[in-house]
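One chain, chain A, appears in both complexes that follow, with chain B as partner in the first and chain C in the second.
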Partner chain A sequence: MSSLFQGRVFSNGVSEERKDLLRDVIRSKRFVLVAGILIVLFILPLFAPRFFVYIIALIYVTALLAMSLNMVVGYGGLFQFHHAVFYGVGAYAVALMLTKTSLPMWIGFIVGPIAAAITGLIIGWFCVRLTKLYFGMLQISLGSLIWAIVYRWYSFTGGDDGIHGIHMPAFLSSLNSSYYFILIIFVICLIVMYMILKSPFGNTLQAIRDNSQRCEAVGINVKRYQLLGIVVATFFAGVAGVLFVVLEKSVFAEMLFWVLSLEIFIMCLLGGWFTFAGPILGAAITVALRTFVGRYTEYWTLILGVMLILVIFFLPEGVMGFFQQLLKPGTKEVTERGKG
Partner chain B sequence: MTFGPAELLSQLLVGISRSMILFVVCAGLSFVLGVLRIPNIAHGTLYMIGAFATFSITKMFAGSTGFWIALIVAPLLVAVVSLVAERALFCHLYQREHLMLLLFTFAISLILGDLVKIVWGAEYKSVSAPALLKGSISILGASFPRYNLFLILVGPLVAIAIWLFTNKTKIGKISRAAAVDREMVGVLGINVSWVFAIAFVIGCYLAGIGGALVAPTVSITLGMDHTLIIEAFLIVIIGGLGNMWGALVGSLIFGITHSFGVLFWPQFAIVFPYIAVVIVLLLRPKGLLKSVW
Partner chain C sequence: MLQVEGLIKSFDDFMAVNGANLTVGKGEIVAVIGPNGAGKTTLFNLVTGALKRDKGRIVFKGEDISELPPYEICKKGISRSYQIVNIFPRLTVFENVQVAVFSYQGRSSNLFRPAQGIAVNETKSILESMGLSNKAKSIAGSLSHGDQKILEIAIALGNDPELLILDEPTAGMSPEETQDTMELVKQLANQRGLTILFCEHDMDIVFSVAQSIMVMRHGQTIIQGSLDEVRSNKEVQEAYLGGE
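For the complex of A and B:
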């Protein structure tokens, strides 16, 4: 059975000339596109209604979470089944610091991602010894352990009620200011993530995904790289958790529940595993579906489920992956093979 | 804190009886995982459908006959739902990798979950146990609900039935063979696609039985599938994938640690089974008993 991940090995087989040519065109167009989108997003709060601004900010937070998962799933090939735990840990860390201590809030903003990364280090340390489904299941059991503790420790975490009405400093109190804060952090994180994935470290991670045995044979410490990948990804998940607190000013135990983990997975799948920006699209689709379809009917998950089935049947590389294939016809036959 | 032997015994029996429901569900999940290699998240939702169907069927009849009829009809209804899903959707995807199948079954579970909401609504439902199994009896000084005793009897019966099916019937043997080497089974001229369909339906039928059995002991509600399926997956993993006896051992570990957790530290009772699972996975990452994978 040829796996989706292994299929990607071949996608570099496009002839070099053609790749360069295409890359130049796409890159210049893409640069204009990205700049244009950024400008629109920055002036958005000036004319858009409040609710819309809130939804867009929620999409940034969710997208950052989905992209952090994609770092280890799409690029790392790991079965990171319980990513939501790290998001929740980041959010709870900052929420607890802001409510239980009187430390300045920026310390909380740093502690959140670091707490998530440390949790990622501990859980990852146990998990990387296993592979595939066993990796995922051990992570789910360790993650569920943390969820169960948060869910039941009423005196400390607020249990299933969560923590509400967290006080934010003055410069983050209005929706527009938190929108800008989230957007700026989001863009910075995107740039850093992009740089990480294009760095030798990112390339090694992808090489391990494609063929871990060969990587081991050439002297790469596979487990250590995977663990480092998990730590980096969980750090960004923690950042997303902090941004969620900035936006919502509350945290819930559901943020650590495994259903959310699968929802993030779905976002990556909808957008496309192997594309950098795919998860953003997937997050946008999911959040928009929940908000706008959720207004008319309470059965929005039904529609999400049907969409997901259609994507799995017809667009196994996700919506973004599909459009990229249209742009680069050379890789098409290769992905057919990848489908197996 | 001190507990008399009576409390410990009754708590142990409660734990075992809860384990039996988990076992029935997990045996089905494990069977599907073993034969079809599908990590079926929709299994939990089928269990929920079984519980809701039991509620409706019990209500249709006066007295306690309704429950006994439901115990037979509700799992069959679940089996029909799963047969439709298998023939319409799953059978086209067997060649895909696990991750895709997992997300696919999650999509099915989302759809089925919303269908349950459409059919039965979002309110809590409850089923009362039949008159025969109401009340409690006393064992060595500990009072013990009759229904739980019934569960403790049913669990081994289901285990024996599954054992007989997989070891003594032709279709069971074929499905075991398909679990080991599906290509070879195909080469021998057996329609593997239908073997898979039957194995899938049987697995889901067990989920339906689990749902029907659990109905009188809990309040039936949306979301009960989410809590169950995660436990079921962990049980199947710690027991050894596709191993029915492993599912039994895993269920007992899960159920008993939980019930003793309730006794010793009620607030964190749900934490104990997860600790047990983590310990098992750290010591024996591939499960306690032999996995068919």
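For the complex of A and C:
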């Protein structure tokens, strides 16, 4: 070991510079890649069929939901088992506002995420008192409580019928305009989430995931930061809920059901816990499977299940994690060398 | 600076710490010795708040800290390292220390500024003083055991402590690494004016580094005193030093 690191010290000046240069090129390449993808996504509605545009928009919404979950699961290490509740709360908040009040639409768009974050604060306040599985179990119970209220309160929420035909202002009435609205909000959310995860708070959250005991010993009030993480994540889940209403113009109680929570959990696992963009990939795979395989058989989850088993066995870091390792062979090498 | 009086902690029926007394003066290097299971680590866990004591008092700078949670005790100026490596394995070496510096500077809840540009100099200087500069970008989990133990101490320094508690800082190290590490600890104590409380199995190290030694057996303090006092104590010789 020591000889290895000594070698590094020796050639430090040159190799470090070269590495930085290389990294800049990779970064700029990545930038070009992202910009290219964005341009394609922006001109997509010009030539793609309507159904395809709709599916891509649905992927944005689902991906935002999965990424908000991954903030607390992948980066925070919390067993956030019932994340769909906050998505549902966000969606119902805006749907109820638009149908029951005459307040302007944009207030609803703000109220949705805030309602989700407040729900996250309340449920999280109880949950952070517990750890690991107990955290998850309590969250499922409290979340299911909210689902039950929405499901049963016919006079207010429409019960299992949900709320349909929500009236949107003119500029969001066509599919293409809602596609652009969703894409823009999605991109803004991605940037903000990225910033948060790269901030001191993001690093602290990851440190808590890695070792909460040690965090307490360096002066971090672990429960408080976990709660803050939950509030931030549920806020973005609420944004996803609002975007769903923009796309579908309806809400239903299944949005708060635990099955959806499990699905988005699987998306994170599939795409890769420890990567930023992994959940987007996971969401895309899941939505595509549900749409295109679900057309032929209702048992499309069977294929999802098999894929999940394969991923767990062969790509434990998820699909995105696997590609990252392929592109950056250095990281793996270091891990192996360090063990030696 | 630190006074521990009549500390008692039991796990079910087992008295892990059963009447421990300890005094650490400002700027001192104090060692706690005792056979395996004497309660040294439990004592450290009690002082840093990781465990709650059953009876007794822990006073730091004139303030009773025995009821405080670990993160509050840390803010009072006590940092610790662990016997078994206890780091953030998925973060880089740099980030490991930086997280502690964020916490010390009260910046952990900063949501929107890139972490890259915050607390960089403080973190760098700690890594430098611990000889970890050239490994700053490595993932902590991939370091060798010896380096991880050094990182242990580096993280503890991130809070700029007044009292540094080291639980067997050289456990599992080779003899040379042990030597280097203890040199480093002595240097730290000098440069930063740190007060150090540590426990260690190697008697040569203890007697070459410590200024005061506290001896524990069956959770109880036998004696605390200078090196000579401890060396000449009959009870200690019987219990621990093998009756030279």
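We adopt the following convention: the second predicted complex is superposed on the first by the 308 of 340 C-alpha atoms of A that agree within 3 Å, B and C clash if a C-alpha of one lies under 4 Å from a C-alpha of the other, contacts with A are read in each partner's own complex, and residues count from 1 in each chain.
Keep this in mind: a residue touches a chain if its C-beta (ideal position, glycine included) is under 8 Å from a C-beta of that chain, and two chains touch if they have at least 3 such contacts.
These numbers were taken from a predicted model, which means no experiment stands behind them.
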Contacts of A:Tyr225 with chain B and chain C, given as first, second, both or neither: second
Which superposed partner A:Trp258 touches (first chain B, second chain C, both, neither): first
First (chain B), second (chain C), both or neither touched by A:Ile266: first
Touched partner set for A:Leu142, first chain B, second chain C, both or neither: first
Touched partner set for A:Val293, first chain B, second chain C, both or neither: neither
Which superposed partner A:Met168 touches (first chain B, second chain C, both, neither): neither
Partner chain(s) touched by A:Asn203 [first = chain B, second = chain C, both, neither]: second
Residues of chain A at both interfaces, chain B in one complex, chain C in the other: 1, 5
Complex contacts: residues of chain C adjacent to chain A: 48-50, 69-71, 74-75, 79-80, 82, 86-91, 95-96, 98-100, 102-104, 107-116, 118-119, 134-135, 138-139, 141-144, 146-147, 155-156, 158-159
Residue ranges of chain A in contact with chain B within the complex: 1, 3-5, 79, 126, 129-130, 132-134, 137-138, 140-142, 144-145, 148-149, 151-154, 257-259, 262, 265-266, 269, 298-299, 301-302, 304-306, 308-309, 312-313, 316, 340
Chain C-touching residues of chain A, taken from the complex the two chains share: 1, 5, 8-9, 12, 195-196, 198-204, 206-207, 209-211, 213-222, 225, 228, 232, 274, 331, 334-335, 337-339
Residues on chain B engaged by chain A in the complex (per definition of touch): 39, 41, 89, 92-93, 95-100, 103-104, 106-111, 113-115, 117-118, 226, 230, 233-234, 237, 241, 267-268, 270-271, 274-275, 277-278, 281-282, 285-286
